[in-house]
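Notes to accompany the following structure.
By letter and in written order, the chains are A, B, C and D; residue numbering begins at 1 in each of them.
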Amino acid sequence: MRTYYNRIAGQSLERLAALSDGIFAVAMTLLVLDLRVPVITISHRMIQEQDLLNALVKLGPNILPYLMSFLTLGIFWVGQQTQLNYFKKSDRYLTWIHLSFLLAVTLMPFSTGLLAAYITLRIALVVYWLNIVLLGIIISFGWRYARRARLLKEEVTPEIFAANQRHIVIAQSLYAFGVLLCIINTYVSMCFIMLVQLNFAVAPRFWRLDSL
Amino acid sequence: MRTYYNRIAGQSLERLAALSDGIFAVAMTLLVLDLRVPVITISHRMIQEQDLLNALVKLGPNILPYLMSFLTLGIFWVGQQTQLNYFKKSDRYLTWIHLSFLLAVTLMPFSTGLLAAYITLRIALVVYWLNIVLLGIIISFGWRYARRARLLKEEVTPEIFAANQRHIVIAQSLYAFGVLLCIINTYVSMCFIMLVQLNFAVAPRFWRLDSL
Amino acid sequence: MRTYYNRIAGQSLERLAALSDGIFAVAMTLLVLDLRVPVITISHRMIQEQDLLNALVKLGPNILPYLMSFLTLGIFWVGQQTQLNYFKKSDRYLTWIHLSFLLAVTLMPFSTGLLAAYITLRIALVVYWLNIVLLGIIISFGWRYARRARLLKEEVTPEIFAANQRHIVIAQSLYAFGVLLCIINTYVSMCFIMLVQLNFAVAPRFWRLDSL
Amino acid sequence: MRTYYNRIAGQSLERLAALSDGIFAVAMTLLVLDLRVPVITISHRMIQEQDLLNALVKLGPNILPYLMSFLTLGIFWVGQQTQLNYFKKSDRYLTWIHLSFLLAVTLMPFSTGLLAAYITLRIALVVYWLNIVLLGIIISFGWRYARRARLLKEEVTPEIFAANQRHIVIAQSLYAFGVLLCIINTYVSMCFIMLVQLNFAVAPRFWRLDSL
């Protein structure tokens, strides 16, 4: 027998979506705090155009983790939105699965900052990747729990469900392969991951046909 | 006789929910700012994988207050949402009770930062606990005021009301007991509090049967 | 003749409310960043409970501007919400009046930080007060413009309109008087202003009867 | 043949609007972090009113980029809102076009901080301008894509569509001209750009008649 408090707590899908949008919005905007305005210290003369230009060029590589994280958050925002759209209602457990998901979202500015600060170190990339893995596992678990607890809308046929799970597994496999590429170096990994992400984001025709 | 301004001010439950979701979202994301990217200073050679790994391991204990605060905010977000769902309307006083509640929510990043910085000191834990007590008192007061002012929906029977109050008292008693455990040390306290919180969050079967 | 772009731009009251809730939420949470976790520097021994307690006591006065600003933002959030509830629609000008209002809201963390840093200096208090004056002027202007442009709902009778304007004038006069009290010192000013604010927030009986 | 995942992903205009409002809200409030509370260091005597006044006067020019950025974000918020109001539905591609738009929005606090720090350097102004160009290009592309993909409401006649595109081109031309004025100096550029923005924001009569 479930108690009343548990039955009613956390059933509002709408407020869960609102909290999620808020957390994604803050996390996406906080990413930019890693793009710090360069501090130029020149003692013997005034700072000139060329000095700032040099400083901005040196800032260049930091843009890579920033873009990658924005893409990552965008992809998972679309993914979570898709999931929430498919629920006919929520329950306490599903709410907490999504709160865990949001916890992983709030970790993203940290992982990004770490990668931006130590962009050539593999450990930084692995930490970043673990963040993506965490997001993937929780969102996949959300689907599975919702099906078991019969919270999904009727329109979610077994085919759609299987397609979603396959989608997540393929994406995560590609990310894992990308991280392995850091054997060469971390920039190769990041570029590969971003290509995979861009592919998922805009989903060009050839991809749609063969795998999903 | 109540004046018109007072009658209409602050009656929109919807915007109160939106403000709350926003404040919870920002507070939950700001927590991560305490997980600062480690600054490694090595002068005589390049920073290596092992250096970053060591720095991350040293960061380890800081994750505890972070997780605990995310759990705390998650629990009180679900609690407040439950409360707002039960109101048939709001009034000026209820709006301000909830604004006080949100004030306590915005204090959470400060309490968490304090605990992360002085994790072994009992004073830091007590300040953190006072923050949780404040949240509990205000949310409990919100229920009581709403009943007295007849703002609750019909479906809130005396049993449900009593269950909610009992729920808050039990939780707060367990938190207080957890803080007392800092006689041993603060880590024991934090682990106990997190176990209580996880229990409230996912509410396993044995708990639901005996106390709620 | 108004062009089409102007006619349709910025008419959505709903998104204006959402943006406002977001900005209020972020501003209210950023206030806490002025309550900085104290950094204790003791070189010759470990930091002890007593050291942190001393540091927290010294932090004490900083809580005053923080509380005052939360109250201020709460009051103006309720005030803006009341105003938006009374509009039957918006237009480009009203949207920009409210965007100016939100600009003044985003300045609040700066004014609060200034006051917290230089709490005994009158200039800091005057800057803070100018921020409140700005909020008051814009919200009052919003009412006047909306009436002139016939954007108010039918239910806003001339009496209600007059009551609102009187409400704003009385509040602003009391704030101005409070600032004048800084002739004694800034703490007296802050306490007086907070008493006025608490009065407006919870609106006790005697006040409602004689002035509104 | 489009797969199911792509068909349903990212169709919710409502959550896209909520995410946008959140990101605009955070970005608009983060701008103020560049208006840093002045740190006054005087060793031999107490800090006095005059010292703070001097520090505030010196902070003066920093208010210019802050105001300009708030105006910029306000204008593009109204612009995006107008666009979303005109969509009858969204699709995956439109969602990603708007996510790119939001990426450019989150860059604004960086561009503003850069301009505030190096207010006399043309490079800083050019970077700022590139941010505005990016916002303009993406919002224009959003209109074009939505028309091609037949996502616009019926009420968007070819005339309205053309007016919108003209609106963006005129605005961007004026901004570009403003940046060219930095041949004189950057303050002239900023003042010109702000005049253009104020004009677009409040759209005085003479402008509406001749160009839109």
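Simple rule for what comes next: a residue touches a chain if its C-beta (ideal position, glycine included) is under 8 Å from a C-beta of that chain, and two chains touch if they have at least 3 such contacts.
All figures in this text were calculated on a predicted structure; none of them were measured in a lab.
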{"item": "Graph distance between chain B and chain C, where chains that touch are linked", "value": "1"}
{"item": "Intersection of the contact lists for chain C and chain D", "value": "A, B"}
{"item": "Same or different contact residues where chain D meets its copy chain A, judged by the half mark", "value": "different"}
{"item": "Furthest chain, CA centroid comparison against chain B", "value": "D"}
{"item": "Centroid distance [mean C-alpha coordinates] between chain C and chain A, Å", "value": "35"}
{"item": "Between chain B and chain A, distance of the C-alpha-averaged centres to the nearest whole Å", "value": "25"}
{"item": "Residue list for chain B, restricted to those that touch at least two other chains", "value": "18, 21-22, 25-26, 30"}
{"item": "Residue ranges of chain C in contact with chain B within the complex", "value": "17-18, 21-22, 24-26, 28-32, 35, 37, 39, 47-49, 52-53, 56, 67, 70, 74, 77-79, 81-82, 85-86, 159-160, 163-164, 167, 201-203, 208-209, 212"}
{"item": "Complex contact set, residues of chain C against chain D", "value": "1-6, 8-12, 15, 18-19, 21-23, 25-27, 30, 92-93, 95-96, 99, 102-103, 106-107, 109-110, 113-114, 117-118, 121-124, 127"}
{"item": "Contact footprint of chain C on chain A as seen in their complex", "value": "22, 25-26"}
